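Dropping the structures in below, format is structure tokens.
Look at the two complexes coming up: subunit A is in both, with subunit B in one and subunit C in the other.
On to the complex of A and B.
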């Protein structure tokens, strides 16, 4: 009888322990991801965290190509933002990138690998130290992070590493100019046996001006960013800028450098989906 | 005596809880045998179609989103597409048997997409014909395609294995009994698209070349070539058009509809890339009202952005170093 009571007692104790663990420190994750508590402690280390729909995360509900899932994080509704991060909870490397917008808009878009169906998050830290977090669920077939880069199948892939394609659009009324760039790079996660990780780590956008080269924005990029990384930023070039400079480095010390010309006279600012009253006319 | 009894009670209570949870979550599957309930519709003399849903692959429809068909000839039955799973192929064969005692003479598979050929196992005793490019495509991608179908529709796929078509076919005209079939090889929707025109009845099985009131899919598409395929359909003299996805019609209205969609899609994505939009933003672009008649519109549009955007972007951004 005593044994049996102990048994029942143990079961109750387990239930009692389990319940508070599930309801760990607030706020609870709206996406109900099993990794949230760990990731919060790892990436936001003790800083206050709020779930905030003002951070707009855009990604498809289902990943068509798990090696290149489009993702944008838009925190412009928060005003001034110091730092942003993108996280894919169930990736072998959850942290996708850190973005230091500097004078640029708190907006970044890229394409990422995902290993399985997961919560994908964007977070923005405001000057008061609070992280504003939002996210979406992305369904997916497996394997985006552990697939070998497609470019390794091309014999001359190494000759093209670091090639940059980029375009700057004229600034809109708010002073922000759309910058889009694509870098040839395997951006290999290193998960394929015997092939070391090889990915772009840092990218910095500077303005070339008569008075110097002020930094406009900086990206710390990591393994989950797709092969041949693509980024969209909204930067604020100073009025006397004669070009933008892109400087970067991969984890094996390879340098990336490119000069992005200012838009030609007469070019129009990038399209914005935000304002109303701009009806779409293509093909209609 | 009381000790083991209590322990047993605790255990059985736990077991019952697990069982209950299992029953609740797996209730749909436990309720009965899955069946596609295939019923042939006669659309022309000797010619039948199993009409599928115009949705995407789901656990509710088991992947039955196609219009497979068969033609009963004096030489035996000609089957067109074998469906998304072994189960579909077997049910299809049983349903054909109810219409005719004649043996299956030959099967045609129009392209490498999952709903065209994953039922091949049910026809392992007869020749399964496809274009060489389709056979090569299934050899290369078949396992991945099958795995993804298991993920999307689950238990409907039980027992389904990749079974390659056994006979390469080319552009030609072949006669089965009094039915003269023109095999028309094209490329655009995929790298190898087989259309089948029954010249005796005027029925055209377009495979994936034409979609009707269902948003076209683009995972293997080259849009410029696909538009040429549609021109080829326009040049044919037909009485009934059977798209693999969507409604069967006695006219070519859906050739124009497919062309309209592809032209808008390609033009819109090119314009968006040129205008500085990011791919994630392009997912949200408005779609004109006239396309609301296309089923699974926003979902397929987003899939198409994933398929088409990276190449357009790569060609558009200038080199700067």
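On to the complex of A and C.
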């Protein structure tokens, strides 16, 4: 016990500059990931961290395609959330994305690359500054981050970079409307020989209204998001919104821009139990 | 514990020190005035050409013909990756950082003292880029908090110079139509001014000015008569007079690419952009002077209007681009000082031109053999052609062997001097011109224009003129046109020149050397083997009280691709990709 205390004390001293508080009081990782201590200090530096099953992380137990592993993080049970992150512990770039839900629900789903079997986490920061962390283990064969994107098989891949497909469903009773985005982009990690890092960095959803263009939600996307990134969000369009606007940029300054029409009259919300009629979407 | 405290205190004081250092340097970065005055700033290299006039002259004197023996390498930085090929860049140096571009549209920020890489930007190029003459880049431009460079897919990228993060990325032209961009941008009064490449694909040459903060277009000036310019989003004026020197609608694919960028003279407030060859190469298809191809254009930087032009090769039939840099200098002749400019053209003549009026003052050969013209008429400014040295017209049938009469012409289409910039030394009053001695067999072939396809209509093969050398670094006296000295090099010279007030001239060789010469006598006084061919442009500056020299090394460029017999001579030169930094240590 004495030894353990000393050890903790030493750790505190070593981390004094980077993480002044809480390193010693942080709970141990239920997923027992070897990377947890480092990642906690890197991404939640100094902030209180709790493991909280109220954050629901959904991902397959075994990845079929390590270049596109479906992942959703649902923190709606926490109520108001300021920021969310997704992390794949053993990826060369562990941080997958940061999500700033704004007026949207604290829910995001996407597809990610994973380099090997790893803990995959979702975390949500509530207004009191506490990070609520949860996660699952995903088993996988290796290589999702260092395999070249499939789109390069097409000679004309460059012609389509930045194209957007999007679909907005009508709002449900709680005012939340499901928005699904797909952006054509190789989303290169820079780990493939001879191919520079080239990935979507920022995406912002705005509402087009007579009174201006309020921002509904913002995503800081990073290397581990899959090629041709797909995102599902639950946004809250203002009642007078005439369309949603997607603005984004990749790390080379390439611009992404799309206007997403409001759903046609009579369309059903995404989570409606009744069968959805004619599908609709927009491409550019 | 005591030791820990001590080392922490030391770390704290070091941090404080370096923070002060950063604050002491201008946090805002180089201003417009800094760029205009960059020729006399010996602590930095802020502009391509070491000053907007591009004299490539440094007032530094620590290094001279005696002390240069003590010039030693400090560090070398590898551009890395599998991507090598030609490294034709000139480094930009500011506040202890070297900004240097590499092949394949890469940009690096490197600590000037240690060679430590601060950041790297690696532009993602599409598969279909069409650079005619290797995947080179000639340098970046710095202004305030940003660093800029142009890419092989014809885009202009602005990055934060501290972080390497992209601020904006604008399309200059459509790469699929044959456009690309390899030149260093020029920044004048907050406008970033660029030319374009793609002269072998039937594109229209263009000079464009953008707001350096936002990248928004301010004006465009097409270089081919009959094409409309723009100013602030509206049509401005037509270049020249439609069909005055072009038949039919050929002016729409007329060439005249401004692929080497331009220079600027703060005294006359004039941009000087050279224009490339007309398209197609076969001159019989386009009777007339074909303005303004193979010319130097003097342009007003405010609105893009042409002040004057001087066409070095009217109705070009030999691929004599007129892109070579126009270097402003004061010509001291007969007791007068004339605001002049010098240009060593691809066609073999060294032109001295009044930079206020565009009138020819003098034109003299700077290579030993010129077959296409007997000379330049000083009164009219026009060449006196040797008509029988123009490649013949091809047969009008579609027959496979319809090619026209082949001629042996000199210089070769790669030019008596190609892109590699010369230097002017106001103390010796001499230009130092990296020249090449070669000729070519050239013939015309039937051709039609297709977007994005090479629009040559000619065949050619280059031949050396002499067994013992091709390259020749020549000191040219602009007052007389006489060659004062020459240094002969076995392989063609393809790198830029630097001259200093220390009576020195530096240039690189494909054989891998960076060499220094006595500026008055031409005697070789120093050399260093860099490990690959040197085809970049050396620079010098002073840092921490010591004089430094930097140059990139990495063989490539147009010679191995287009050089015919010469390509065979240089095929065993190894590729590379590195930045070398040298200094004269304090005594």
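Definition applied: the second predicted complex is superposed on the first by the 246 of 284 C-alpha atoms of A that agree within 3 Å, B and C clash if a C-alpha of one lies under 4 Å from a C-alpha of the other, contacts with A are read in each partner's own complex, and residues count from 1 in each chain.
The rule is short, and it goes like this: contacts are C-beta pairs under 8 Å (C-beta built on N, C-alpha and C of every residue); 3 or more make two chains touch, one makes a residue touch a chain.
Keep in mind it's a predicted model, so treat the numbers as computed, not measured.
Applying the stated contact rule after C-alpha superposition, one finds that A:232 touches subunit B and leaves subunit C untouched.
Using the contact criterion defined above for the overlaid structures, shared-chain residue A:128 touches neither subunit B nor subunit C, since it reaches no partner. In the superposed model, A:163 makes contact with subunit B only, not with subunit C.
With both structures placed on the common chain, the touch criterion links A:109 to subunit B but leaves subunit C unconnected. Look at A:188: by the touch rule set out above, it reaches subunit C but stays clear of subunit B. Taking subunit A as the reference, the larger set of touched residues comes from B, when subunit B and subunit C are compared. By the document's definition of touching, of the two partners only subunit B reaches A:65; subunit C does not. Of the two partner chains placed by the overlay, only subunit C lies in contact with A:254; subunit B stays clear of it.
Remark: subunit A residues 152, 155-158, 186, 188, 190, 193-198, 251-254 touch subunit C in the complex. Considering their complex, residues 1, 3-4, 7-8, 11, 58-60, 62-65, 68, 70-72, 109, 111, 141, 162-167, 169, 178, 180-182, 230, 232, 246, 257-261, 268-271, 273, 280, 282-284 of subunit A touch subunit B.
Those residues of subunit C that touch subunit A in the shared complex are 81-83, 122-124, 126-128, 153, 157-158, 165-169. Those residues of subunit B lying in contact with subunit A across their complex are 2-3, 5-7, 10, 147-148, 151, 219, 263-264, 267-268, 271-272, 275-286, 288, 299, 302-303, 305-307, 309-310, 313-314, 317-321.
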